[in-house]
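Each of the next two complexes has chain A plus one other chain: chain B in the first, chain C in the second.
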Partner chain A sequence: MRRWALLAAVAIAAIACGGSTTGGPTTGSTIVLGAPLGLTGSLTKESILTQQGYNLWQDWINARGGIVVNNVKHPVTIKYYDDTSNANQSAVLMQKLITEDKANFLLGPYGSAATATDAAIAEQNEIPMVEANGAAQSIFNQGYKYTFGVLSPANKYLQGVIDMAATLSPKPTTIAMLSADDNFSLEVAEGVNTYAATKGLNVVLYKKYKNGATNLSAEVQAAKAANADIVLNSGHLQEAIAINKAAKEQKVNAKIFAYSVGPSTPDFITALGKDADYVYGGSQWTPQVKYTPAFYLSVAEYVAAYKAKYPGLGDPDYHVAESTAACLALQRAIEKAGSLDPKKVRDALAALDVTVFFGQVKFDSRGINIYKPMVVEQIQNGAHHTVFPDSVADAKPQYPTPAWDQR
Partner chain B sequence: MAAFVQLVILGLLAGGVYVAVGVGFGLVWGVLNIVNLAHGALVIVGGYITWQLFTAFGLDPFLTLPVDAVALFVLGYALQRGVINRIIRAPLLFTFLLTFGLNLVIVNILLLIFGSDFRSVTPTYSGQGFEIGGIVVPYVRLTSLGAAILLSAGLAFLLSRTRIGLAIHAIAADRDAAQLVGIDLRHAYAVTYGLGAACAGVAGGLIAMIQAITPTAGEPYTLQAFVVVILGGLGRVSATVVGGLAFGLVEAFGQSIPGSGSVFANAIAFGLMVLVLVTRPQGLMGRLR
Partner chain C sequence: MIATADSQRRWRRLFLIVGAIVAAYALLAPLTSLDAAQSANVPLLADKFWFRIATYVVMFVVMATAWNIIGGITGYAAFGNVAFFGIGAYTTGMLIAKAKWPFLVALPLAPILAALFAALVGLPLLRLRGHYFAVASLGVGVAVGELVQNIDYNGQPVFGGASGLFLPIYAVGHRGLFFFYLMCGAAAIAIAVTWWVLRSRFGYGLIAIRENEEAAAVLGVNTTAYKVGAFALAAALTGLAGGIFSQWNVFINQDNAFPIEYNVQMILMALLGGTGTVFGPAAGAVLLQLLIQFLGGSLPISIDLPFVSTEARPIVAQVILGLLLVVVVIFVPRGVIDFFGGRTRLSLSYLRRSLRDTSL
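Right after this comes the complex of A and B.
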């Protein structure tokens, strides 16, 4: 009984306080966002980075009372489910989030495979999904109207490396491409294969391997036999580590080693130690980029906020940043729409054009952000440095990569 | 020619890991008639022990292998005695369910302790090797193959020359008769599973040096161990050695097919397994029972 009395007193006090700020925004209903993530299974690492990015924004927006819609503040909760890194399960959970948890809007899962299955669910239910971790263009070539990706599409992942290579001296001329056989990796690889010729580079080896392979000795052997100046990998963290290890073991001395996914994560450096040096990676974002944000935090403030919430993990990598950017895009669209109506917010997303710490967020007619450039990172003395394009770089590329026995 | 020899060497070296993963799996399968779906998880436990000892104390990863073996033996003994023994005479499906559950539990405990970060043991000599006539032989992989062969030899010796080994053989032949002559079944079962786990632990230590590990990295190894044991044949350690090396070779040559050949490396290995099952169901080296 006493507890009820106390609760009532608190409630009355809260109402009184609310009343005293007449004219300011009032607090409205809570906005529920739904996101299935691979919190267990093979994509745990990347999924947790995604979740960190979402949570950083959730803390920030709720510290401000929520998203302001027509002068009413709506607090935000993000509802997560574990899809066990299984794309089909992700779609099932997305539907559950919509029907059972009454999610107002959706945030993407991790990875192109799950994003593709979830996009279909968003479309059927006509609820916008803003995603940050599915870069395969095949997701956006289905004519979907409710899926928006804030990140650069897959075919651009390694184009920065090609652009950079064209500026180096002595100019590298040949490329060996080792690609995993999943949709996303193949798009990255095909993107390079068609783009390289326009920059005067020649793909002399294009080899596909099974997604998730841990033993890539024979593939690396083929790259050695091809004697390519540039060894590219379009795959995932595990495979990038395997290729780098095999390259050292088999004394493959290319001028450039560049991997689509992996080098940007701290794990790549901790797993490989000094063997990680000189490796290049395409990156959606780095803590060194220089963009002028229209709202939310600056790049430096974002890095500081991440380190305060997740101490001991180093700088946020691009998975974290792009995930936060997805939330920002959704927030701005809801504000612009002035409504929680899914269709109005969808239209506001389609018309969105805003620059945040992550770069420009704007969607083409398919819903993917082709306007933000990719940057190139290089690991130098165990630390990440942005080396291309010059306008955002904080270091020069260390080129060519020294032979393994001369390091 | 040099490329061919290099490929053979790479295949055999990779096979060393498959041998190490396969022997423990084969022992448990052959004696206890359990297809141990938790085998890959036990492998990764060994990997984490090696990683922990290497990063915390700077211990040479090869010196940690005995620690892996002892720790995993204890864990395996306890698992068999406390959990698996309860369903040892139940239909095969129950053992599948139980070991699959154990796999989930172990993987998630590892996730809680170590997180999902990728870890790798990178000693100073990692990636180095010697070269003869353009053929590169990396030290770590060569020593791993040696360790796997040594492990198999040790296991074979234990099974054929010691009292408990003979007891295990007796159980594999006829468990009721073995019990009649006074063999303590529960103890012998637990020792068998413990030995299988110890082999898995050593394999994990080797794998931590060769690739990056995460708590979920063990799953493919359960499958590979299955193929290796079928290829070689159930019931003899030497057969598993042949199966493991054959699997490594098939994989290497599968990967070296130009273009998208690598994608089918696994398919080729499994195709070979089916072929062996059809034409020589006892395996390349196995005896009919």
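Right after this comes the complex of A and C.
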């Protein structure tokens, strides 16, 4: 009996909703967005975070009836395909989304390689693609007009740490840079190498290692021999953990340990326990940042919305946030263009300048967002705190890092 | 049971008719995308997505047909042919992106460089036989990809390194149509070369090597020159496909220019179609690549596999491909062309005989 009552209630609700949306003159055609993602394969974890970010926005915009274009509300569907973490397949599916599914606009895949391949597809079809997960600058140096990246480019990932180091006292002066050899990590490292000198810091050691290496004690040994004040790693979670362990074993007492990828994830603290303390990380976004959004949710509301939709996963990490930000950029551009015409929306994207919970979203002439600063976070007593820049920080950096035997 | 001459002819005729219709459709459908056809209200049979899939399919026709020359006709199971694909891709890629050559001038160098490289590594490699050659050639395939990514000069990657290589988008009208026909041209060359090889003294020498290398040598076949020649020929055709791929795909890196799975796929295609024949590998490539795209969910027609969630689909696709390999090797060891080509008839006794021959 109760089941019938429930069904009836649902039916009435459905009719009511249907009536309210179809009855008014304000509902237009559905906007189809397309995104190939590596829902299986080696990039599954990050791809799912990307999808969560897209879906959070989709729920929000459809709850409001859709994107408003000239007083007509267009509901949104995001069509996903699994590219099995394969860039070639990503390109095939991108073309399928454009041709078969008639996607109006495109959202990016996960990873620089897939983004590079898909950017060429978007360009040849003249359909705008807003992406949030391909930070390699080479994508944006091709003169493409239809690819926009809301995230800070790779070369900025550790520049925040350099900026922060320049404000500390006693000021650290020497840097040891350990980098993986994949395109993203190398761009992060090159970014530091060219930027450090402008802040009066010296890169005394630059060592590359094979992407995915598990034993990095030789590299850490070299950093110790160089006696650097700052040990930087541009790599991935597992490598950051390996470096931190080796640094403890070999008693490398640098004043700053900072890693490009790793410290922001909960796995880092789980794997290292107390040894994770004092470690700095570069991050596109943290749940502590303070930005005043022009529309959509505030940072706190966003974190709450994420936890409500995906309970048990903790705070959203920056992959989720930047993916949502890509949707927001597209939404605002469509509204500003007042049209679903891909060329007009492209022009609106190029002219976009808006601040959302993720930070400022504005594209340079190449289509990458160089205006949003990277933030620096530090693990303090087993918790993440944003320590730089001051305007968004929720804690002061604990500096210098104490020696391993004095912790 | 031997099929009667009458039913042989019937099968052969059927195969030729079906093949001709498929080929004619594939070659003519793109023309409906031309402006003239569109303004004359001809229905559009080939959109950009059709071109993307079709160009992949034809690319594999080239690679499987090329593999057949060394693997099928000469009997040397090369597992590293993707090295030649990558060398072709990077040759045109470097010439266009760094030296600013026009695409059509750069393209002929792709097969030349791939063939030179094959001749160079072929001299020591082709002294190995059986599994030893297979494993060594696989090693070359992997090593070339790693080298291309990691060679530095003055601290700068020579071949674009891990960032890959971007080519300018080729400025030509009807880009999809252009690259499709270009790839078809490469396929036509590959098939014509195979046809010629099988009718030449060179080809008879290769077959003799496959059947009994010592006996061939005794009969006066210069086995080293013949084997290296076959290897270089296969490499040239594979390199040509790679050269076209690089400009078509615009972006190349280690992952898409040296994909390990292509090694297995081109062999499986040749096996499925029928090794040692002219059209077998091509037929196998079309069938298998369409199956791969279908299982990957990128064809317009798609069915839900029962008991399989969408997340598990790519994994199930791999399992199906693996099972197919087993079935093909055990039951149709001479490929589908064997019965479609009219030599035998597909029947229960044929499958039983194949099973007995594999001594399982």
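As a convention for this text, the second predicted complex is superposed on the first by the 382 of 407 C-alpha atoms of A that agree within 3 Å, B and C clash if a C-alpha of one lies under 4 Å from a C-alpha of the other, contacts with A are read in each partner's own complex, and residues count from 1 in each chain.
The rule we apply is simple: contacts are C-beta pairs under 8 Å (C-beta built on N, C-alpha and C of every residue); 3 or more make two chains touch, one makes a residue touch a chain.
It should be emphasised that the depicted structure is a prediction, and the values quoted were computed from it without experimental measurement.
K.L.:
May I ask you to decide whether A:360 touches chain B, chain C, both, or neither, giving the answer as first, second, both or neither?
P.N.:
A:360 contacts neither chain B nor chain C.
K.L.:
Of the two partner chains, chain B (first) and chain C (second), which one does A:298 touch, if any: first, second, both, or neither?
P.N.:
neither
K.L.:
Could you say whether A:380 touches chain B, chain C, both of them, or neither, answering first, second, both or neither?
P.N.:
Once the two structures are laid over each other on A, A:380 reaches no partner at all.
K.L.:
Once the structures are superposed on A, label A:62 by its partner contacts, choosing first (chain B), second (chain C), both or neither.
P.N.:
After superposing on A, A:62 lies clear of both chain B and chain C.
K.L.:
Applying the touch criterion given at the start, work out whether A:100 contacts chain B, chain C, both or neither, answering first, second, both or neither.
P.N.:
The answer is second: A:100 touches chain C but not chain B.
K.L.:
Let me test your reading of the model: by the given contact rule, A:181 touches which partner, first (chain B), second (chain C), both or neither?
P.N.:
both
K.L.:
Regarding the shared-chain residue A:40, is it in contact with chain B (first), chain C (second), both, or neither?
P.N.:
Touch partners of A:40: chain B and chain C.
K.L.:
For chain A, what residues appear in both contact lists, the one with chain B and the one with chain C?
P.N.:
Shared contact residues on chain A (touching chain B in one complex, chain C in the other): 40-41, 181.
K.L.:
So in the complex, the part of chain A that touches chain B is made up of which residues?
P.N.:
These residues of chain A touch chain B: 40-42, 44-45, 48, 181, 206-210, 212-219, 221-222, 225, 237-238, 241-242, 245, 248-251, 265, 267-268, 270-273, 275, 404.
K.L.:
In the complex, go through chain C and note every residue touching chain A.
P.N.:
Against chain A, chain C makes touches at 47-50, 52-53, 56, 150, 161-164, 166, 168-169, 175, 249-251, 253, 255-256, 259, 293, 296-298, 300, 310-315.
K.L.:
Which stretch or stretches of chain A touch chain C in the complex?
P.N.:
39-41, 81-82, 84, 87-89, 91-93, 95-96, 98-100, 113, 116-117, 119-120, 123-125, 136, 138, 141-142, 181-183, 186-187, 211
K.L.:
Write out the stretch or stretches of chain B touching chain A in their complex.
P.N.:
Residues of chain B touching chain A: 3, 6-7, 10-11, 13-14, 107-108, 111, 116-120, 122, 126-129, 131, 136, 138, 140-141, 210-212, 214-217, 220, 251-256, 258-263, 265-266.
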